[in-house]
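Dropping the structures in below, format is structure tokens.
One chain, chain A, appears in both complexes that follow, with chain B as partner in the first and chain C in the second.
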Partner chain A sequence: MIPASPPPARQNDVWQRWAGTPVTALISALSAAFAIWAAWAVLDWAVLSATLPHRPMQACAETDGACWRFYVEKSRFMLFGTYPYAEHWRPALVSLLLLALSGIVGLRITGRLRVIGPRVLVALWILVIPLAFALMGGGWAGLAPVDMSRWNGLPVLLILSVIAIALAFPLGVMLAVLRYQDRWPVLRRAATVYIEAVRGVPMVTVLFVGVFVLPLTLPPDTRISPVLATLIALVFFHASYFAEDVRGGLQSLPDTQAEAAHSLGLNWGQAMRLVLLPQALSRSLPALVNSVIGAYKDTSLVVVLGIHDLTSTARMAFSEPGWGQYALEAYAFVGIWFLLSCAFLSWVGRELHRGQSGRNH
Partner chain B sequence: MMQDFRSQIDGKRPDWLGIGVVGLVLAGVGVLIVNIFVNMQAAGMTPGYGFLAQTAGFDLSESLIPYTAGDSYGRVIVAGLLNTILLAVVSLMLATFVGVMMGLVSVTPSPAGRMVATLYVELFRNLPKILVLLVLYVLAVRGLPPSREALSLGPVYLSNRSIYIPTIVPDAGQVWLLAPLAASALAAVWWVRRARRIKAATGRESPVAIIVIALLLCVPLGFALLADVPLEISAPSFERFDYEGGARLSVQFLVVMLTLGLYHGAQIAEVVRGGILAVPSGQVEGALALGLSRGHVTRFVVLPQVLRIVIPPMINQFVNLIKNTSIAIAVGYSDLMSVSGTIINQTFRPLEMMLVTMGLYLGLSLIASTLMNRLNDTLRSRGARRGS
Partner chain C sequence: MTIFKTLISLSTSAIAIAVGIAPATAGPVMDDIKAKGSLVCLVSPTAPGFSVPDSKGVFQGFNADFCRMAAAAILGDASKADIRGVGFSDSMKTIVAGEAHMGSRSITRTGTRDADEGLAFVATTFFDGQGFMVPSALGVSHALELDGASVCAEDGSTTLLNIADWFGAKGMSYRVENIADKTARLEAFFSGKCDVYASDVTALSADRQLASAPGDYIILPEIISNEPLTLVARPDQAFEAALFWSFQVMLNADSHGVTSANIDAIVADLGQQSPTVQRMFGADAATTDMAAKLGLPNDWAYQVIKQVGSYGEVFDRHLGTDTPFGLDRAKTPNAHAADGGLMYPFPIR
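Right, the complex of A and B next:
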């Protein structure tokens, strides 16, 4: 069959869209002016008046543009901070491992990499999380021990985001099930109170509780490093957000699913594990990805506690005397890192939305 | 809801498992609390709130209530809480304005407008708010002139440390303004009711907005002029070292406000865009076919439906914004969180202070969400009564 030919293009279409009404024309003019100004400002800063990387640092002082030499001098510091220089391969390897595992999970939930089953994934997490800590900390197989206070930069950001999210997820699912069920009303009430209380306070307060109150609750003469305390606080914080997402998925299931499972003779646990949760989880994935993006971005709030994640090492990089004028270069580095990594997460979210609407209609 | 069929057959039994588990968790928390007591006793302290009456001894960059370093910790906390509320209210207005504007721009036919709106939303959705805050802070401190050469925007002056705005000098005589204000408010209510009655009876529209604004503005102003109520305006002017007169807001306040306005503005823009796109195009076409004008289509057909979709996620945004004011601690604006951080450092009473701080934040977000949900319910029930 011959496809129908498209309608002829209207002559004034472009004009109509750009300036069909006075308001549209005004918006077009303002937006175009702003876009050109912003693009010019970025281009001018990053390229035209910038100092290229082969020029010495002294040349940077003379222009207002970006100093590319700054990245040559400071990239490694911003990535790994004060971690012993000779051992930088260890945080690099940890970062790569965590990034690769996150990437695999992201691809897997969009329906790619089907060869890796859920069990393998869980096994990988159980393997990688202790391995990350062991590699960073050292003290075995000839690796020099490195104190947690010297864990800086990208690996800390990834430990506090990726590992916190991975550990918070099972806790969140458990809380969601507890709040959803009505077999144990006391547990249901307790889960509700916990979730609502944590969601009602800012993340900074929870981090403060982790860093300042948690060490006090330990028996005398025991210590906990701020990174670990923050990690624990983040797990408990993120879990309540994940719980609400999963509960949304559970509530969207029709009652007949539970009824059918029971009439087949499945007990409560089997019905939950085999029938309800798998469906609820796949329904709540888009909301979960949104929460993960939020949790990942908010991880940089640990700056206020003096924990040196990527944002904080970037700030350290220009805080030394003589480097103060390169703040924008340092923050641009962090900004581009977040834009790239969030772009991947957003892509996962969009794929999920597409998959879901394709499945439902 | 996952029904538990067995309990329906057996009848209600106490939830022994739940009681046991919650009891165990509480026992664990109890052990931790005992540890806190032991640890604090070892440091020679007993947990308690007696310290709130002690002298704080640190200054605030700004405060809505009179405050000096000699005041108590309790008063510092109140000052911090008021600063948080001020920051939240101002940022909320800014975020709503920016968000609604960008949301509207993102659905215009103009390709340039759409591109700018999309770029704005994507940029701020993919950057951490703390990074936005730190960058804006660096830009403000570096880009703005020192207070000696402050930028002048009319009577407002902007320097890299503060923003100076003109204010009305408070005076006891201004209390008399309350009388004409109350009278004109009553008159405005009466006028609105009358307009509604006329509309219901005859269908005729009478001007409402203009009359109400005129009543509320002109009557008290006229009264002030006639009765000679003192309304002296204090404008900032540069004296020997700094600006005198008017009110001063720190550049930290300005930067946090901008950050929250832009960050939440991007999310509100998405909400508004989604709400507008969710109205089926058939609604607009149908209304146009009935002969409604463009303006009436927007006012009576599109807007009521958009509001209905948009208000619940907006309430969510507002509550999130209130919680996010706590990032102000990163630049040292004296909000509740940074005040309590300072107190923790000084007194080393993290448990007591965090309980107070979290309680206050929880209270703030609960009050805000309850108020806004009630407002939403009223709007909805009124809409339902009118049959829209």
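Right, the complex of A and C next:
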């Protein structure tokens, strides 16, 4: 008699992992039930009980499901707010540029798109950031000027997250280097004081300083737009967190790296630029991505300053008389946006983690 | 840092508004509006019924319509009003800095604000008073029971000062939750972060509509202040007169039953109308004489009514009994003077 062959190990493994003991079996059953319930609730709300977009608004009042008509009517408003309707291609283009550029950076640091070198990336940023402001603001080449109070929704969210992060990064690297080096003790102390002071203050305080104190330091008859003041405050805020991430990378390098660089005849600047920083940056990438996710999500706090980012335009969309019952639709729109963009960021984080553990083993 | 400098210089040049130095014929602000062909008017970004953007991002509401009134009178086209939503304290600064022509955002006219030379209060479009909204679950029926309550109110507004006076006079204590953004403030109130939401009573009844269950909130009977909500202009005699008299045209139209719907019929049959109506809309009327002196188009009074409507029409369109706010104008201080209200039309002659 040939004994019955054992079941395939793989299946057994899955079964073992999900229901090997009574406790795991119970937890698996509960989470499966919850997942099915949640998926059903979403499906029911978004499709089964929903009022489809071709139905009139009146039909929406009669069901509990999603009112797709709301998205037909309000999507453009939620994305671009009070920006002049006929000029919506400008904020749309700015948003696309900033998203594409962030996407490229994300793919590049996970080891894809190797054809795009770091120099090209830096050049693209230097080009796109002023272009974003010029396109949004207008007033040249026949583009109608648009006041910053009309910069709402997605482009303002991206300007205050993507551009703030892009500008904070070089500043953060500079601060990290200053705090790491010991050639200029005064600068080292200054960088330490700056980083610790900013990190010791909540972001909302920094934002209020940007909007209410920064204008006081300017000549009395100049006014700085809240968007610009917030951008500046965010750059200085994020820079201190990036600085600590990069300093972590620098300190993890063995001393022998610096010694080897010096013995090759490199001076301090060359050693930093060619030997230490490249290694430190690649070591600190996972920490940096972590900070970027935090910084990106915190951007929604700017609403307390009266800046209308995506969350705020979504709320304005259901503030219009007659639209008050569609708050869930509006928040779902914002939620899906943040889910998708944060999913990309954490995918980048996971890829980096995998690459790093692969390298170390 | 060079990226930074280019960024700042680029964006500031993008937002910079060149102030015209054309020879003053009417007044500097009036000339600026005509030279640009648009009138920059500031409103509150989210005040349902008063100013809130529609699906195309265009502000609609009671306050927004007074921006349109000014553009219709001065530029002959209500759509040339560049209506921008700006927070309260920032809007005052923007007008004083000369980056906006006027504000129509429920600003209370007070003595010290009027004494500021950068601001001119023109015409009171809405008489209001400050009150308190509480969740009915709090079990409070009078404001005197609010000792020790936490209050959500707007930073920098007269609301906080009135609360300080009133609670102080009654010897009651309170705590303020200061949140600049209105939607965030309301959310804090609806989620129970503060016990009381303080604002003008009309605003309270509008804001209550934003709750998921408006019936769960009550507005207490006490009214603790007088709030004459007034149009603000950058000082310029001709511009202020144009705003003031455009508003008077809307009040006079209200007393004679002239609306945007029937004005064409009335003008076509002007000989049969009352002398007041003839003086407003006639070809050689008092308003024509004013137009020449103030630098307005000859048919400015007609355009205001045709494109915006009479005062009663604007009130009912945005706040009246057919809207979610359901305000019965006759029961507010904004009723016509003949009905015992405070809206008293000045003679146009």
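The rule we apply is simple: the second predicted complex is superposed on the first by the 324 of 361 C-alpha atoms of A that agree within 3 Å, B and C clash if a C-alpha of one lies under 4 Å from a C-alpha of the other, contacts with A are read in each partner's own complex, and residues count from 1 in each chain.
The rule is short, and it goes like this: contacts are C-beta pairs under 8 Å (C-beta built on N, C-alpha and C of every residue); 3 or more make two chains touch, one makes a residue touch a chain.
Just so we're clear, the structure is a prediction, and the values are computed from it rather than from any experiment.
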Which partner, once the models are overlaid, touches more of chain A's residues, chain C or chain B? B
Touch test for A:Thr217: chain B only (first), chain C only (second), both, or neither? first
After superposition on the shared chain, which partner residues are touched by A:Ser319: those of chain B (first), chain C (second), both, or neither? second
Check the residue A:Val303 against both partner chains and state whether it touches chain B (first), chain C (second), both, or neither. both
For A:Arg17, using the defined touch cut-off, is the partner it touches chain B, chain C, both, or neither? Pick first, second, both or neither. first
For A:Ser225, is the partner it touches chain B (first), chain C (second), both, or none of the two (neither)? second
After superposition on the shared chain, which partner residues are touched by A:Trp347: those of chain B (first), chain C (second), both, or neither? neither
Partner chain in contact with A:Ala327 - chain B first, chain C second, else both or neither: both
With the two complexes superposed on chain A, say which partner A:Trp89 touches: chain B (first), chain C (second), both, or neither. neither
Contacts on chain A seen with chain B and repeated with chain C across the two complexes: 303-304, 315, 327
Within the complex, chain B is touched by chain A residues 16-20, 23-25, 27-28, 30-32, 34-35, 180-188, 190, 197, 200-205, 208-209, 212-213, 216-220, 250-251, 255, 258-259, 262, 268, 271-272, 276, 297-301, 303-304, 311, 315, 327-328, 331, 334-335, 338-339, 342-343, 346
Complex contacts: residues of chain C adjacent to chain A: 3-4, 6-8, 10-15, 17, 40, 45-46, 48-49, 52-60, 82, 84-87, 90, 93-94, 97, 99, 179-181, 183-184, 209-210, 212, 323-325
Residues of chain A touching chain C in their complex? 73-74, 76-77, 80-85, 125-126, 129-130, 133-134, 136-139, 145, 147-150, 152, 167, 221, 223, 225-226, 228, 303-306, 308, 312, 315-317, 319-322, 324, 327
Touch list for chain B against partner chain A, complex: 1-5, 7, 15, 17-19, 21-22, 25, 32-33, 35-36, 38-40, 42, 105, 108-113, 115-117, 119, 123, 125-131, 134-135, 138-139, 142, 323-327, 329-330, 337, 340-341, 344, 350-351, 354, 357-358, 361-362, 365-366
